[in-house]
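Presented sequentially are two complexes of chain A, the first with chain B as partner and the second with chain C.
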Partner chain A sequence: MNNKSIVIDGKNVPFEDGQTIMQAATAAGIYIPHLCHNPDFTPHGSCKLCTVKVNGRNCSACTFPASEGQNITNVTKELNDDREKITQMLFVEGNHFCPSCEKTGNCNLQAVAYHLGMTDNHFPHFFENREVDASHPDVMIDHNRCIFCTLCVRASQQEDGKNVFAISGRGIEKRLIVNSESGLLKDSDLDVNDCAAHICPTGAILIKRTGYKVPIGQRIFDHAHIDTVTLANEGASHDE
Partner chain B sequence: MQQFIRQLAQENDFQSTCLLKILRAIQARYFHIPKAAIEQLAPILNIPRTQIQNVIAFYSFFHFEPRGKYDILISSSITDLMVGQKELIAYFAEKLGVKIGEVRADGVVSLNNTSCTGMCDQSLAGLVNGYAITKLTKARIDEIVENVNKQLPLEQWSRDFFKVEDNIIKSGLLLNQKPIQGEALKAALERGLKETWEEISVSGLRGRGGAGFETAMKWHYASEEDAEQRYVICNADEGEPGTFKDRVLLNSYAHSVFEGMTVTAAFVGATQGFIYLRGEYLHLYDKLEAILEDRRKANLLGKNILQHGFDFDIEICLGAGAYICGEESALIESLEGKVGIPRNRPPYPVTSGYLGKPTVVKNVETYFAAANIAIHGGEWFAAFGTAKSKGTKILSISGDCVKAGIYEYPFGTTIQTVLDDCGATDVLGVQVGGPSGTFIANNEFGRKLAFEDLATGGSFIVFNNSRNILDMVHNFSHFFAHESCGFCTPCRVGTSLLKKQVDKIVEGHGSAGDIVALEELCQLIKNYSHCGLGQTAANPVLTTLERYPELYQNMLKKISYEPGFDLDKSLETARRLANRDDAAAHLAQVEE
Partner chain C sequence: MTNKKVKVATVSLAGCFGCHMSFLDLDERLVELVEHVEFDRSPLTDIEHCSSDCDIGLIEGGVCNSENVHVLREFRKNCKILVAVGACAINGGLPAMRNHISLEDCLNEAYRDGIGVENAQIPNDVELPLLLDKVHPLHEVVKIDYFLPGCPPSADVFWKFLTDLLAGREPSLNYELVHFD
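Let's turn to the complex of A and B:
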């Protein structure tokens, strides 16, 4: 065993070679806000919520390797204020109406927003027209809520051994697309039991006829904060 | 079509890395990428159809829907606007009978704007079916319209349209060298590769693309990696608006550039090289291919080069309209047949680049300089420049000056000297380094070209006092929003928000809080974006806001809040539905 360590907000955090800052932090019970990251899949580094300062320089904790001599700040007003604004960007880019979304209470985007103290959208809305693909018998896509985290893309490739999803387009034109000749979910290989159908951190990919099985008030984030929930889930998945 | 595509795939050994090349051929033949082509290609290239769809959607020169048989694109960078681009493209559209962005009903012609095509010294420029056209005037436009309407094949058009000038106005240390085929390579091999590396190290040569990474270090890192294959890539994706020196180097000094690559390859142990040529420079493709063929015949490329027992060859790969591919890891992704999204780093390309192998990526000018250093030695080069920026820099000068073109200066030269040489008078300011660089005002012309002061990849755009700086900021903000790859949130959403916020202010809808909001947004994009594009996308606003805050302030309305949209205009639909246009159906924004 080695005893290498990094410092996060003044606390010594051990790490092993090859670990990212996120992995080391999670293992040590430190929550770094994130949306596109899930420890079960290759890190992506696109949402930028997990930005931390490493020796004064901004780095994505989910992709940046931990190494000796790193002095990292994670919970500061500056970083959390900016994380809030990045979250607000995601909100105005899509069409997110939490009160009428069946994912409310189980949604990471919403929970992160609460965690960061977000009370408004701050930026002007894009009000893009985005479609809903309800063609599949068991799974639906509401493009209004997609934040392009690629978790469904990665889950389909890395867990399901399929290639059902992709993120297409450039810049603000980015869209989730489905790998089928018609472009519709019903013509793809997706099965309701696929990991990709259940991985969405927002309400963009939903399992049909299950929306209100768990009533509002009894949902994941109704009584727990995202930091504790995440550390319990992702810390555990690390230990496997 | 099926047979055509089958054959195309076969010619490319069914390699998915050749996807851009294959799609370029399909686009050229069918004016779009038909759905059937995607369905046929995916299985034979052994990639998901979504990868092909992604590539088509990502690159500006690929289309899902047919463009015209003659697809005309007009450069819309700030230097184009200076020569009346808006008026001329409107004239073009009117004469052709087509709306900008659309295809004419008969399918013969389509017209659109495009990002800077690297012809800023011979504006107004554009592309017809990918081939550069320059110096567009109303008279030329009339002729082109006639050719199009007659459906005259491109080969029969007057060659004058396609004439691209070098415009080398001031040669220095490097441009004065007359390239002799094989000279640099022979010098390097005679001296010894290790010794040649030392000369490069002594020369202090830093990357000429703008970032300025030390060349000798890159060579060293790539050569040290344990790998069976290594690659050498020349970045000729000269997309920074206002830059065109690489085009000139490739047109007139290609041997030196290839030689620089070959010397690099010999040192690091690479057998395969690529030159990633921006799609806008398609007109150079055949010429460069012929030069490569000459070099193969002269045993300067290929097997056992100059009987020194090493193999190396260079392949030209064309881009397809994406500024982001100038970023080295995005360029590598593009070479692999994918969308140009910058990779997470580390690992860096020198350890894990093309196909995961150690890769040296350098700018055209860097290889050009390296070849000359191989001949003349490191001291020769390091005698010029400053302590931290050795040698000379080749500038692409455009905008408000008498002689736009190519100028070479030792680092450390002042902006004033450059302005005097190019005949710029009554200067308001200069955009140094393109939109991603810095705007400097006319009280800063004592500043120097150098990595430690004003770093530049070569773009140098002069603005005289008749220009409105906000027009430039507007143009550049739109450029970045258009070119953002969309991978990370701060750049994807941020550059579009920034575009809207700049529009709001420039169009006179800004009010008190809007400058603060603008600055806050800029900092967010700059500090949190994934790559250099996002990190510099706010520079046009930040560098001008710092120098001319009053210019922005004066655009604001003197009210505490102004909605970001035109209230009265938004009622248009309601008025139409109600069939009303009386005074009561109009709403003033605020009580004036």
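Let's turn to the complex of A and C:
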């Protein structure tokens, strides 16, 4: 044990060398909103929802190393307003029609929006034309719902020992691509039991024929807040 | 404090009337509600145009044709508080799923090439409002003051929202009342 600590919203939080702010916070039972972060994989730092103020400067908590002397703010109106705007931008950039999505109620994007008190999308919608790849017998990709968090990319490489997914293009041209001759999921080596098939925080990658096994109204975030759910899941996996 | 009733107008634009049906799920609470509000333009009254002094406008559905735009503007002009009710009003919802198909293809599929279509022709009567190229959420056309998410929002959402407003409180929905589905 050591006595090193950082301060998050006025509370002393112990950390060990090498830990990120996110890891220290989660271990201490403090929720920092995030979408692209998952403690099982290398942090990506792209969704920016976990932005906190470290000694007055904005930093991504999932990538920023904890170190002595950090005074961090996490739950402030300013930061949560920024997080809400980021979430609204994700909603208008893709096509997120929750009532017709199998993932509704189990969706982290939706749950983060609930957490932030978001009731509208604020910005004009892109209504971008995005494809659905239903070629694989057991798994489908609905690109309308992809938020480019790269969790499937990382899970395929780091957990499954494969290389099924990648992000191609930049900015508004960015899209999820599949590593196969035809570009279709059916010709890739993705298996339904792969971690990458189950890691998607939204409804972009779905397992076929399972979507309504749990009825709407009885799903994870229908009654439980994402902060409680996340700390229970990610706190535990971090302590392993 | 006068006992003047609060004027509420409602309309369904590119919606399915599901939000209105959910509103009617207030059931016996409607009796208490009409002690405090009177309905102006609404499918419930069949009044065709908003009075100029409406307090609250509840709009279901997005904007899919020229008439929707006119009606929405009429509501904005005449209602002090304008509320987007339900998923379609907030993000276009199910009707907006036509947005990635060209309008020409939509019309051809429905009225010309579809299975079982007889006397195939694209409806073109002058009485018919012209379809917009895309379906839009309300906030892209006029300023919206409040949003009630849900498909549909439950009767409890309407009740909490309206009773908050009637009591002079800033409306707030707790976690259980906010659903995008």
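Methods note: the second predicted complex is superposed on the first by the 240 of 240 C-alpha atoms of A that agree within 3 Å, B and C clash if a C-alpha of one lies under 4 Å from a C-alpha of the other, contacts with A are read in each partner's own complex, and residues count from 1 in each chain.
The working rule: a contact is a pair of C-beta atoms (placed from the backbone, for glycine too) under 8 Å apart; a residue touches a chain by one contact, two chains touch by 3 or more.
Computed from a predicted structure; not experimentally measured.
Participant: Is A:His225 touching the first partner chain B, the second partner chain C, both, or neither of them?
Facilitator: A:His225: touches chain C, not chain B.
Participant: Applying the document's definition of touch, where does A:Pro33 land relative to chain B and chain C: first, second, both, or neither?
Facilitator: In the superposition, A:Pro33 contacts neither chain B nor chain C.
Participant: So, A:Pro124: does it touch chain B (first), chain C (second), both, or neither?
Facilitator: In the superposed model, A:Pro124 contacts both chain B and chain C.
Participant: Just checking: does A:Asn179 make contact with chain B only, chain C only, both, or neither of them? Give me first, second, both or neither.
Facilitator: In the superposition, A:Asn179 contacts chain B only.
Participant: With both complexes overlaid on chain A, does A:Tyr114 touch chain B (first), chain C (second), both or neither?
Facilitator: second
Participant: One more residue to check, A:Gly203. First (chain B), second (chain C), both or neither?
Facilitator: Neither partner.
Participant: Which one hits more chain A residues, chain B or chain C?
Facilitator: Touched residues of chain A are more numerous for B.
Participant: Taking the two structures together, which residues of chain A meet both chain B and chain C?
Facilitator: On chain A, the residues that contact chain B in one structure and chain C in the other are 124.
Participant: Along chain C, where are the residues that touch chain A in the complex?
Facilitator: Interface residues on the chain C side: 84, 87, 90-94, 96-97, 99-100, 134, 136-137, 139-140, 144, 146-149, 151, 173, 175-176, 178-181.
Participant: In their shared complex, at which residues does chain A touch chain C?
Facilitator: The contact residues of chain A facing chain C are 91, 95-101, 104-105, 110, 113-114, 117, 119-122, 124-125, 127-130, 216, 222-223, 225.
Participant: In the complex of these two chains, what residues of chain A are touching chain B?
Facilitator: Against chain B, the touching part of chain A is residues 43, 45-49, 51, 58, 60, 63, 65, 82, 85-86, 89-90, 92-93, 123-124, 126, 147-148, 163, 165-174, 177-179, 181.
Participant: Across the complex, what residues on chain B touch chain A?
Facilitator: For this pair, the touching residues of chain B are 39, 48-51, 53-54, 57-58, 322, 339, 344, 346, 481-490, 492-497, 500, 520-521, 524, 527-530, 564.
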